[in-house]
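Structures follow.
Presented sequentially are two complexes of chain A, the first with chain B as partner and the second with chain C.
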Partner chain A sequence: MSAVAAKPATGAAMNPTAMGIGVILVLILLGICWFVSPTVGLMALIGVIIGGVLIGFGVHFVPVGGAPAAMGQAPGIATGVAMLAAGGGLAGLFGGAWAAAAGQTPIVVIITGGVGGGLMMAITCMMVNFVYVFGMGIPAASGKVAKDPITGDSQAEYKSQGTEGHGLPFVSFVGGVTGGIFAGAGGTLIYLELLNLYEGALPTLMQLKPEQVLPIAISMAGIFAVGMFLVNAVLTAYNITGTIEGPHDPKFKRWPRAIVASAVASALCGLVAILIVLPLPFT
Partner chain B sequence: MEQIVFGIGITALTGALATVAGAAEDTESNIGSQGDPNSQVQLAPQMGFLHRIFNKAVAGEPPAYGLWCCLGAGLAWAFMAMQLNAVLAIVLGSVLAVFVQGVYATTAYVGRTASLSKFGQPVYVDILKSMTTVTMAHAFIAIFATVALCQLINGALGHPFPLPLLALVWGIALGAAGSATGNPYYGKERQYQNQKFGAGVPISASGNIVRYAEAGERNSIDNGWFTAKIGGSASGICFGLIVFLELWRTKVGAGWGSIAIGVLLILIFTVVDRYIEIWARKNYGPYTEAKEASS
Partner chain C sequence: MSVKVEVIEGGIPHNKIMIAGVVSTLVCLYLTYLNVLTGTEMFSFFGGLAVVTALIWGSHTIKVLCSYGIGTGVPSAGMIAFGSGVIAMLLATRFNLLAPIVALILAAIIGFILGYVSNNILNMKIPAMVQALTEMAVVGALSLMGFAALMTGGFTFAGLTTGTVSVLGQTLMTQQQSFMGGCLIAVAFLLGAIAIQHPFNACLGPGWKQDRMLMLTAECGFLSMLVAAVMSFALITSGSAIISLIIAIIGWGYTYCQYMALSKRDAAAWLDAKPIPEVEGH
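Coming up: the complex of A and B.
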């Protein structure tokens, strides 16, 4: 079919075949992991997949306006989806890793990571509105909804002529913080799962004492967590196709696609991260 | 107690360094026109508006700063392993990372501008010579401050991540905070200074960026001078607050305590944001009548 003959895609439409293939791929990758390491490795991979899905889901909440937002032509934060989500989520990972090193329980570590991501996004979103209002004299207005779903503020009359809106309406601010919390918690969960695995496997593999391998385990888990974070954030950026205003944007309904894609990508990346320390059963 | 006071002192110092880094990063990206407003710098010649603005946006600010800060920190870490003094090692590492930034800026400007040759946009060698060094100087400040704060977090506060990984994390966060806060000010207020104040740029005006200064043609150093006042300082405050509060909540409370402080801070920023939004609606008012707008 030529591009001219192709029907315009609605964007939110789901492809059941592709979703089904995605689920089967995840199951195959889980099966491979179960074959290699039915206990430690499989649990780590499940944790990594959940973390990746949390990141993929969370990025949909982040209001990103891209280049049009930088000219006050569209609402949202004036940067890329993957960039901003990575900034927020990695700030969360930083806090989570610190809590893990202090010997906190896993639930505290993951929540600390989530709150770190949320705090970064709250400060950034507040400063975006600060610059729009006090630096440029422009009030916040959404281009996608007539009224803010949370505050009920009308939006249309606050849009300046020839634009689709500007700044961050309150619902977008809340979306940004929510996205940061999900992304930070997901990144921290991936880090924690891989750290536990490496702490257990590396002493045998390298013939060293556990305290000697700790810096290596932390570095490897941190690098893999950052890498998987970027994988999931970029995948979601493709799903969003550029810009999104937040949870009230019609594009938000595309999240199930990203969940499946994130699960497959995280399962594959996670399997690689696990296989580098676990010996294969047939060697 | 002494340990907590020491920790808070180091936290304050890292917050100050982050503020400097944020301000320098935004000014550097505006001089290099690296953020999202660069779309207009690239678009202008295609619309017939030739200009003398620097143009080095090949990657977004977050991955670019992630690379440069990580590179600076990795080299500094290697120098420190060679028993070099930490301050000297960070300076040397940052200098070497800045050379990479300079190569990036040069190739990006030449490559991007050459792609516009069919629209008649020349590659100005004098712009290349004068702007690149200015962006490098600002990048050095941003990279040095970020690597230094990472060294404090790692060495003095005891974060488990090694120095290069910390610098990657905070470099990406620096680029994200700087581009989010600083880009609208450069994109709307500076590039479209000919448009009405207090309103977004109409989509129909895209590409018609301001190309003339008080005397002669405008260049990117003029843009850096203009945006450093509000865009740069706002970016600095943003990144400074992120680093300071993230460290502070961990130093003051531990476990659930730091989570409670974090949630409280998020709520405070939510209230401040809502206040700013309401203040703008009350003081600036709507652009059109509500009835007309909804029809």
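Coming up: the complex of A and C.
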């Protein structure tokens, strides 16, 4: 397809048929899970789907600037969605895993994961603004809105001509921290659900004592959580096609698409992750 | 966003690379099974060669996908490849001898659905999307299996989750010292994910040449194999690990020299800048 024949950026258009197929696909995958493992597996899969949706929704908040931000020509943190989401989400995952290892209750573990992710994004956003303001000498200004939705500060006076804004305005900072909290909590939820499942099922499957399978259960739940996290983050990156300023950006309105996409991806990956502990029909 | 910004001119067609990639990766993976047949661990290095061949195929797939402006950067493609690949690969290891084939089929299913999701639900509308994500999930799964075979000498679930440790001359079974229990899979994950996305990220642009990019992929693959071979000392016998290490070093040295030669060929001009000379007498 040449550049002339290509349609302009599809933008926020929804595809109702595909969304419907997506929802049906999630139900089918849940049905398969119910068929193979009606109790433990289904609960784990529902947890994984909620976690995946939290990641997909949370990544929309993160101010991703990409290459233009590195040159001070667009607001946001100067890297891609996959890197930012991996940084924030994995920091949350480590925090949550640490809380899980300390024997905390699930709700504390998930909140710890969220705090870890939010903290990571807060530090990143603050240091990014330090570099922008004191290193590059540019003020923070949004190009998408006339006034900051939270503080009400006007933006246009600070915006350089020919740019889409620069730096991290307050609303983007808040968005980054919110996104980190959502993504970190989602990643931790996936990890926790899979860890519980593996701790319960692996000893009988491998005919070993529970403490012997613990390293394997932790390692498998961890690598699955990382894998699903990256899949969800990249799908969300595809949804916002690269850059977003934060919750005030018009692209933020595309989140329903990402919710369905994340649900399908998480249901699929989660089902495969659950199948690994079930006895095979033939061996 | 479906504007194709680059075209493939000349070079080997993508389908040929894909078929060659699938066949050679599967053959290399199955050659590690010689370990079981001969009762040694000497053939583990075939796992590393499987990684290199899979990565060469994968980096060309990334080129096909990222030629359309997807707007998210090339590294995201590597991340989704291994993110979906690791899930398929781990389930496949339970199928013992059939593991590589099952990994291929399972990863293709996961990749196909992810491709459908991004193309239709997320409205990407990129013609190459479904096929590219399918291929990349397969590449991710097979390269991780290659890493597993390189480090442990096998690709079965039991082999990846149990290791041996010798205490006071006695050999004991342990789960801690294994590919999964020690979480070496996390290192393998990122070694592969970085090696698959770097070549196109480094070589893209108007001066892109297929042979140069693929040579860089081979170089990155052997570099990853080198690190993995060092890590394999913990899990397989030293002699076998040394064989893998030597092959990785030879492969890396050869591909590095070739890549430098190709870079000089494609450069407009180059200057062999010597290190800063040490001026005597001051």
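We take it that the second predicted complex is superposed on the first by the 269 of 283 C-alpha atoms of A that agree within 3 Å, B and C clash if a C-alpha of one lies under 4 Å from a C-alpha of the other, contacts with A are read in each partner's own complex, and residues count from 1 in each chain.
Please note the rule applied: a contact is a pair of C-beta atoms (placed from the backbone, for glycine too) under 8 Å apart; a residue touches a chain by one contact, two chains touch by 3 or more.
Only a predicted model underlies this, so the values are computations on that prediction, with no experimental measurement involved.
J.: Evaluate whether chain B and chain C can sit on chain A together after superposition, giving fit or clash.
T.: clash
J.: Is A:Lys251 touching anything from chain B or chain C once the two structures are fitted on A? First, second, both or neither.
T.: neither
J.: Kindly classify A:Ile276 by the partners it touches after superposition: chain B alone (first), chain C alone (second), both, or neither?
T.: second
J.: Tell me the contact category for A:Ala265 with respect to chain B and chain C: first, second, both or neither.
T.: Second partner only.
J.: Scan A:Val226 for contacts with chain B and chain C and give back first, second, both or neither.
T.: In the superposition, A:Val226 contacts both chain B and chain C.
J.: In the superposed arrangement, which partner chain does A:Ala18 touch: chain B (first), chain C (second), both, or neither?
T.: After superposing on A, A:Ala18 lies in contact with chain C but is clear of chain B.
J.: What is the contact status of A:Phe94 with respect to chain B (first) and chain C (second): first, second, both, or neither?
T.: In the superposed model, A:Phe94 contacts chain B only, not chain C.
J.: Have a look at where A:Leu235 lands relative to chain B and chain C in the superposition and call it first, second, both or neither.
T.: A:Leu235 sits against chain C, while chain B stays out of touch.
J.: More residues of chain A are touched by which chain, chain B or chain C?
T.: Looking at chain B versus chain C, the one contacting more residues of chain A is B.
J.: A:Met83 in the overlay: touching chain B, chain C, both, or neither? Say first, second, both or neither.
T.: both
J.: Thinking of the overlay built on chain A, is A:Pro215 touched by chain B (first), by chain C (second), by both, or by neither?
T.: both
J.: In the combined picture, which part of chain B sits where chain C already is, 44-52, 116-124, 134-142 or 188-196?
T.: 116-124
J.: Shared contact residues on chain A for chain B and chain C?
T.: After superposing on chain A, chain A residues 66, 80, 83, 86, 215, 218-219, 222-223, 226 contact both chain B and chain C.
J.: Could you pull out which chain B residues touch chain A in their complex?
T.: Spelled out, the residues of chain B in touch with chain A are 35-40, 60-63, 158-162, 165-166, 168-170, 172-173, 175-177, 179-189, 191-192, 197-206, 230-231, 234-235, 237-238, 241-242, 245-246, 249-250, 254-256, 258-259, 262-263, 265-266, 269-270, 272-274, 276-277, 279-281, 284, 286-290, 292-294.
J.: Residues of chain C touching chain A in their complex?
T.: So the residues of chain C touching chain A come out as 1-5, 70-73, 75-77, 79-80, 82-88, 90-91, 94-96, 106, 110, 113-114, 116-118, 120-125, 127, 161, 175-176, 178, 180-183, 185-186, 189.
J.: List the residues on chain A that touch chain B in their complex, please.
T.: 66-73, 77-80, 83-84, 86-88, 90-91, 93-95, 97-102, 104, 108, 111-112, 115-116, 118-120, 122-140, 146, 151, 153-154, 156-170, 173-174, 177, 215, 218-219, 222-223, 226
J.: For a test of understanding, state which residues of chain A touch chain C in their complex under the given definition.
T.: Against chain C, the touching part of chain A is residues 1-3, 6-7, 9-10, 13-15, 17-19, 21-22, 25, 66, 80-83, 86, 206, 208, 212-213, 215-216, 218-220, 222-224, 226-231, 233-235, 237-239, 241-243, 257-258, 260-261, 264-265, 268-269, 272-273, 275-276, 280, 283.
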